[in-house]
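Heads up: the structure comes next, in structure tokens.
Letters A, B, C, D, E and F mark the chains as written, and numbering starts fresh at 1 in each.
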């Protein structure tokens, strides 16, 4: 089974980091293929960068349509998820979506911790219709750079946040954003399971491939046909036509 | 990997039917173990039977605690799901829960069709916090007996229901209840994917086992300790103590 | 009028405590009959114990079907409430349900204070469809044992919690759980009414008996007929048949 | 016990009709006192008439403050309910509110049928925070005049509406508006209980009086003090001062 | 264009204050006409005063029906808004409603700060169906009198509240209540836009007049006809007839 | 005042059509500037085309940043609305957003009719947090081509849909999508106001410009700074840097 781990940032190192996280949990027969978009933000952190990334991601996916068994979107905003799902002939999973759905299988309500602002995460959980299962949402006052330079300080801040969210009813905590990759292993005494989006998405992608569901021919996920789109990559143009 | 497919009805034939549905999608290394409770309804169809089944199911699970890698509850009401999740040291999946979460990965909103009344399904989707993703809910006017005696008529009714729900915005349709087992294969031209709860649950259970999350030590899923419970099976009493 | 106050814990003392709370508000012609289940937890505090209690409670009720005018479930989780309502020929009230509905008649939003964890209460209010009326939910850091050993300390903690919840918009506060029985009388200067579940349930049960509504013959509360259930008490088996 | 049944329409016949409905279910020691406002609509049917009725109702209640044990608002819009609750020293119940809360004790979800438009009922159920328990809402195409002139035709229309709502999941049906008073007795074979707002409100008012809860001294139901209001009746002005 | 700025308090000074706030943003051709009701509270602060104000406001509006192009309700409770909208032949805007809708055009979620209690604001935002866009709601511990006597202290409290609400996700903050009129200008360094209800309402009223939508002839906003209402002002009686 | 009417489809004729609709309601001093994106779909009708359009739209807007007083997004999906709002120094309105907010000022609940599928509209209303105000949503079985070839048939279908939605509680109806431009004028006897998104957006944009609110310096709408984005237009790259 071939799973494309498609980054939406243009930083190849993040793609590799995510691929490694995926390989750590992938089944023996699963091959993880990292991919990086042609254009966009080095590290998405604004609404506009996320919109641009949506286009870049669809172009990236179009190049692999038919050549992979599943796609994992390696971007915590689940950028362009529904559109990717519509155009691709295979299952597509968002990493935060996957973490949220996994959290639903772990316990009643979940928390989510990230570095920096949380509003787009709140909107994202709402977009997935899961606001009722969100116990708490915290943004630790640290940047991704801090996470590299002062790992122990950031680790402590995250651990404190987890404890607060458990007190507010979280049965698990999602680690949001690439900057917290690997953090679960560094908080082994967490009182609740810590969920890494890429890991969750790879396992759920394997499950979806195993189910072998057919592609919809009607509804909002039926593949586009005969669409005329100019100024996009040949692969994407072709997929929409 | 050993997955217990735990029926909550006392009819062994249903347990076997569900186990077969699970084996049809299980990964090569996955062993499916059917189990049937010691007491309760032959086929749950009222609120009271479902309550009784909860107790019977916990006793059944307690006998297998530590001996299986995951549990699938083979009962469309996801009976005692949260309690089972709390006491068992391994992942526990409900079949309707699993179908709902799978539907979330397939498209935007989903439908659910069953034979007979739908209110307990509506409550169940609400209990999982997923009412916002439910496009439609239909109960076909037929009994499980009809499904056996007049399979073609019931098949036609279900297909019509699916078409109506797609028109109302369903990107996938869950086949609710054991009586619709195997129906997906008989409607190959469905415009959207049809989801079988057991199949979904087995694949998600494999995914959860693969993730290898630790058991919570706090929160509403922390395992019970030192509880004094009388009049239940020794295995269950022991698990709670 | 005979009202069965049915405990779901196996501790007779709790049944008696609840019966006394009921008698304190019962109308002159109302007889309060305490009852204790045959099996289950001494004091329910986990999800699994609550599931077991559901079965035990239905058996207990079945023994009294036709012999009482109403039932009050003397367990703060409103265990098996909907099932009990379906099978019994008379009104059935849950104590927390009754407190929530009473709170709706007292003011706009309400608070709920209990000893220990609050997540199952949050779920319970949601199950009753009343989350929008819940202003605050607090678990005081004390055990039922503390309430006995250090009554003044626990009283002070509860009073502080009430004050906080009033500041958050609570027009009344529900005292959740048997361990807080009698607490209302000990906080006479509370700024908002304090609601005891048993008292509320007994008065609402009297009201329901007075209304004299017929039993539904359709819908999710129509009594079961012809159900085959094995391994349960003769009275329950008979009621379902 | 003295219960004021306060109409918000200026038609005395409606007040008497409602009082009779209340007397039919009142406990032996309960005295029902009808009252009619000094000004306003003969029969409220627009938003503006309802606003005017709010003022008239508060003036009416102020005259009885301290002289009755409870108040039932005999107007299906639950006009000025929260304000009445705040200023009166005794329990105040709205008739539709009471029917909705009673419906919550009867089953899972309820329906509501009325003559004419339904939007203000939808808003009212939402104002009470109970939209999640509303299964269906139907306005029969008939006027209150029709109900008098062609009672059998209207009865049939209502019965058909009830059947449709039961099919949509209603475990009980509220008869909304004074024009449907007495309709429950004329549909004895209804598959679910039919709820009359006045009857429900009188029984719940008796229950609230029996509970004997103190008046709030804080929160949104604390009685007004020192308010300067001009141009209203002396009794109301005095109550607010 | 003539816009009636209709106060619901009987204090003329407040009417003038609101009119001034409206004139500060009105387009060159817009005339702002302040109006004060004939009876009611000097300054509404309880539920009962608000009910009385509804009647007074409808009488006030009825006198101007047909003579103004739009109405702005200069009362933070949006008193009688829907009724006013139904009876008037021109657009009617509530000041808090207008601020909420403007906030929706400014950013994702908004905060609201006021002096004193907040529960009626919470209910108001819910009545407008906008609870999902409310990030935070704070009542500063100060009275309108304090705002006059200790303006700097109150300004500092409001600024602190704004900062807290921005941290909770507010992209703008509504200044609720006449006592905060002019506060926006005194906090020029606010990190997010501050919204004054009168200013928002006047601009939206101009927009609505510019759109020139016809009056509904059906639905819940169709004008009343043939209603019999006694004891109200001749203008209002006439408008309803 | 200069308002950019920015199409997200690449068809210039649609841009002109929308500009004309805007000019029809614009105030005397308002200049309407149509604009068409450099790449993307001729007419967006799938999720993928909408994602691509988001990028194209941001590039289009970036070219006009600082040169216009407001922006109206002339695309019924409100494509990239929040991102556009974040990066632009002036107010940005979505046409469907504007119609929804206008509907909130017209009456209680609204309907929306369009040609073809409705699910993305349902999601859009939910994204704006206004699902509670949506009474009905209908997709007429006709294509934009039909609207040109058989205008009378489509007009009749739309009128029938409006009537059905009014019966379901709509106090106004939004005409969704460019294909229904001008339809309001062709249904002059509509029982409720019909709302054209462009017209609503232009008037609300004028109102927002008139309010003169400052740009946020914090929160989710604070302008991006120092972002590194490659492969986008120089204007957009510069705006993000």
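Simple rule for what comes next: contacts are C-beta pairs under 8 Å (C-beta built on N, C-alpha and C of every residue); 3 or more make two chains touch, one makes a residue touch a chain.
Everything numeric here is computed off the predicted structure, so don't read it as measured data.
K.L.:
Common contacts of subunit B and subunit E?
P.N.:
Touches both subunit B and subunit E: A, C, D, F.
K.L.:
Roughly how big is the turn, in degrees to the nearest 5, that lines up subunit A with subunit E by CA atoms?
P.N.:
Roughly 120 degrees of rotation.
K.L.:
If I average the CA coordinates per chain, which chain comes out farthest from subunit B?
P.N.:
The most distant chain relative to subunit B turns out to be E.
K.L.:
Measuring from the mean C-alpha position of subunit E to the mean C-alpha position of subunit F, what distance in angstrom results?
P.N.:
27
K.L.:
Can you compute the centre-to-centre distance for subunit B and subunit D, using the mean CA position of each chain? Integer Å is fine.
P.N.:
43
K.L.:
Centre to centre, by mean C-alpha position, how many angstrom separate subunit C and subunit F?
P.N.:
Chain centroid spacing, subunit C to subunit F, equals 51 Å.
K.L.:
Give the residues of subunit A that touch two or more other chains, as numbers and ranges in rising order.
P.N.:
82, 108, 119, 132, 169, 219-220
K.L.:
Report the topology of the inter-chain touch graph, choosing from line, ring, star, complete and other.
P.N.:
other
K.L.:
Kindly provide every pair of chains that touch.
P.N.:
Taking the chains two at a time, the touching pairs are A-B, A-C, A-E, A-F, B-C, B-D, B-F, C-D, C-E, D-E, D-F, E-F.
K.L.:
Give every residue of subunit E touching subunit A within the complex, in rising order.
P.N.:
108-109, 132, 169
K.L.:
For the complex, which residues does subunit B have touching subunit A?
P.N.:
Checking each residue of subunit B against subunit A gives 25, 27, 82, 85, 91, 93, 97, 101-102, 104-108, 128-130, 132-133, 166, 169-172, 190-193, 195, 199-200, 203-204, 206-208, 210-222.
K.L.:
Considering the complex alone, what residue numbers of subunit A touch subunit E?
P.N.:
Residues 118-119, 122-123, 126 of subunit A touch subunit E in their complex.
K.L.:
Given the complex with subunit D, which residues does subunit E contribute to the contact?
P.N.:
So the residues of subunit E touching subunit D come out as 10, 38-42, 45-52, 54-56, 58, 80, 82-84, 86-87, 117, 119-120, 127, 219-220, 224, 227-232, 236, 240.
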